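Chains here go by letter, A, B and C, matching the order in which they are written, and residues are numbered from 1 within each.
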C-alpha cells in the first residue's frame, strides 16, 4: 500500500536540548498517512529522542509538532488525549509484569479510552491470533520469550487504534533468533497501511519496510530519501561511513 | 521448681487473661498497620512525585519520627495532649495514633523507595497508552511496588507488634504486662518461679500471631515472583 | 543532638497544641475533677499498681488486690456506697505523677512515697503507710552493716528510693540495677550481688519465703511516708481524703488492711507498727 498525500504528522523546526547540550537541531519532517519512515544513525544521534518528543515523553524547547492538523506542542496540551492517537513500543520489555497478556492489552483502551471490555477483547483476540499468540492470552510476561513480549507490546499499542505507530529499537534487546518474528509483525503492519516511524539498526529490514529513510547524526537530519537510493548511493560522507560499518557483518552473513 | 511454675498458668483465669492481653496487642498492632499502609502509601506516592513541597514535608516528618523515641511519642499523646490541649485520649487510642504515625512514616519511605526503584519504562509505557497519572499509579506502579514492598512491610508489622510492649508505660495492659502481673504475683506471694512458663506461653502466643503473617508473605511472594 | 531533639520536641508540642485547640475540650480547664464532679460522674478513677504485690497487683482471676487497693475500695464505698464504683487505672512507677497531671486519674494510690520534689507537682494527703530501706543477704555471707558493702555489688530496682539513697549517700558502693522486682530478686538468688536493698516491707516478705536469706539490716535511711496523691490544687478531693483517713484511723482500718493483705505475706516476723501509720503518728 502506498502512502497517500494526506500529511498526518508534521514537525516544524523543533529544537531539543538537555541543559546546554543540544540533541535535536531544527528538525522538520512531514509524515504522510500510510507512510513508513525509518530513522537510522549512530547511537546518541537523537533518533530515540525524536520519537520521545513526538509523544510528549520529552518536552521540546521550540518548534511545533502537528498531529492530524492540530498543534500538540502548545502549552496546555492534554497529552493523555494526544497519546491515544500515537502508539509507541520501546526497546526494553515494557509489559506490566503483574498483569496477564490480555490485561496488559486491555488496560489502555478501557481506562484511557473508556471502551467496552467486550469490544476491545474481541479486537485483542483477533490481533493475538494474527501474531500466533492467542494461546498465551492469560500468560504472565515472565512466562513469555523476549520476542513474544515485544509482539504483545505491539498489539497493546495497536489496540488503541492509533493513527501512527512509533517503534524505538524494538529488536535491540532481543536474542538474534527472535528478531525475525518481531520484524515480520512490523512488516505485516506496514503492508496493512499503518503509518509508522521506526528507529532501528536492522539495515536489511529498513530497506525492506521503509518508504523513506532518514539518516540522523548529532541531532541533525543529514540525509533523507528512498531506501534504494540511500542504501545504494548515500550522498554524504557521514552516511557512507555509517553504512560501511554494517558491510562487514552483511558480508559475513552472505558467506555463511 | 519448674512443675510448680507451670501450675500458675492454670490458676484462676490466667490463660484467659493472657489471651485477652494478646488480643489487646494484636488489636493495637493490626489497626496501626492497616492505617500505616493506607496513609504511608499516599504519602509515599506524593514523595515519589515531582512536587518539591511534598518531598520536604515527607522527609521532615520521617526524620522526626525516626529521631523521637516511641516512648516519648506515647507520653506526648497520652499525657502531653491532655496537658497542652485538654484532649483526653484513652491509652489505647493514644497507642494506635502513635504507632500509626510511626508506621506511616516508615511505610511512606518504603513506598517511595519501591516506586523509585521501578524501571522508568513502566511509567512511560503507561504514559504512552494515554493513561492519566492516577491510573498509572493505581494500576501499574503501586501494585508492582506493593509486591516489592511485601517483605519490608511484613518486617514493619512484626516490628510494630513487638514494639506494642511499650504501651504498658501509659497503662495499657497487653500481653507482656499480663505476663509480668502473673509472674510478679506468683513469685512474691507464693515463691513460685512462674517466669519460665509464662514467658514460654508468651513466646508461643507471639509466634501464633507472627507465624501466619510470615506464611502469608511467603505465599504471596511465591505467587507474585516475576 | 540533644538540643536538636529538644527543638524538634518543642516544635511538635506547639504543633499538637495548635491542632488540639481545634478540638472540643473534654477535660475542664482546671485539669482535674473536683469532689462534686466526681460525685456527679458516679465513679472515681484511682491509679494503682498491677504488678507490685502485696500493695497493688492483679490476682489470677484478674481482680485488683493489695494494701493500696483495699484502701481504694473503701474510699469508693464511702463515696458512693459501692466499692465497684472505683475505676482502677493501672499505672507504672515512673509515670505516676503524670497520670495526675494529665487528669487520667483522680487519685494515685500506688505506694507513692511523699518526697519534696513530688510535692511540688502533686498534692499529698495524710500518709497511710511508712517504709524505710532494708537489706537482705545470704545467710552464709550476711551483711549487717553498710561498711561491709564497700567494694561489693548491691542490687537495687531502677528509680526506687534504694537507688536514690545509695547513689547519693554511698557513691562508692557499686549498684546493679534492674527494672522488675522478679529480676532484682533473681539476681540475688543467682549471686550476682552481695546483697539487695529495697523497701523493708518487701525484703521482709521475700526473706520469709526464701530459705538461706536473712534481712541483716532492718531499717536504714529515712522513714518514707506513703500517701494518696491528688492533682495540685484539687482541695475539695484532698480534704475529703484527709477526713476519710482520720476517720479510718479511728476505726483501726489500716490494721485491718494489714491483716488482710500484708500479714499473709510477712508472717509474724514483721511488726505491723513498722508499716502501718495510725493514730498519733500524724
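Definition applied: contacts are C-beta pairs under 8 Å (C-beta built on N, C-alpha and C of every residue); 3 or more make two chains touch, one makes a residue touch a chain.
This one's a predicted model, so the numbers in the text were calculated from it and none came from an experiment.
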Path length in steps (a step moves to a chain that is touched) from subunit A to subunit C: 2
Of A-B and B-C, pair with higher C-beta contact tally: B-C
Centre-to-centre distance between subunit C and subunit A (centres being mean Cα positions), rounded to whole Å: 79
Geometric centre distance via CA averages, subunit C-subunit B, whole Å: 33
Rounded Å distance, subunit A centre to subunit B centre (Cα mean): 48
Complex interface listing, subunit B residues touching subunit C: 8, 11-14, 16-17, 64, 67-68, 72, 75-76, 78-88, 91, 168-171, 173, 177, 180-185, 187-191, 195
In the complex with subunit B, residue positions of subunit A that touch it: 55-57, 79-84, 86-88, 90, 92, 94-98, 107-108, 111-113, 140-142, 153, 156-157, 160
Contacting residues of subunit B [partner subunit A, same complex]: 119, 121-122, 124-125, 127-132, 135, 139-140, 143-144, 147, 224, 226
Complex contact set, residues of subunit C against subunit B: 4-5, 8-9, 12-13, 16-17, 19-21, 23, 25-29, 31, 50-54, 57-62, 89-92, 94-95, 98-99, 101-104, 180-182, 185-186, 202, 205-206, 209-210, 264-265
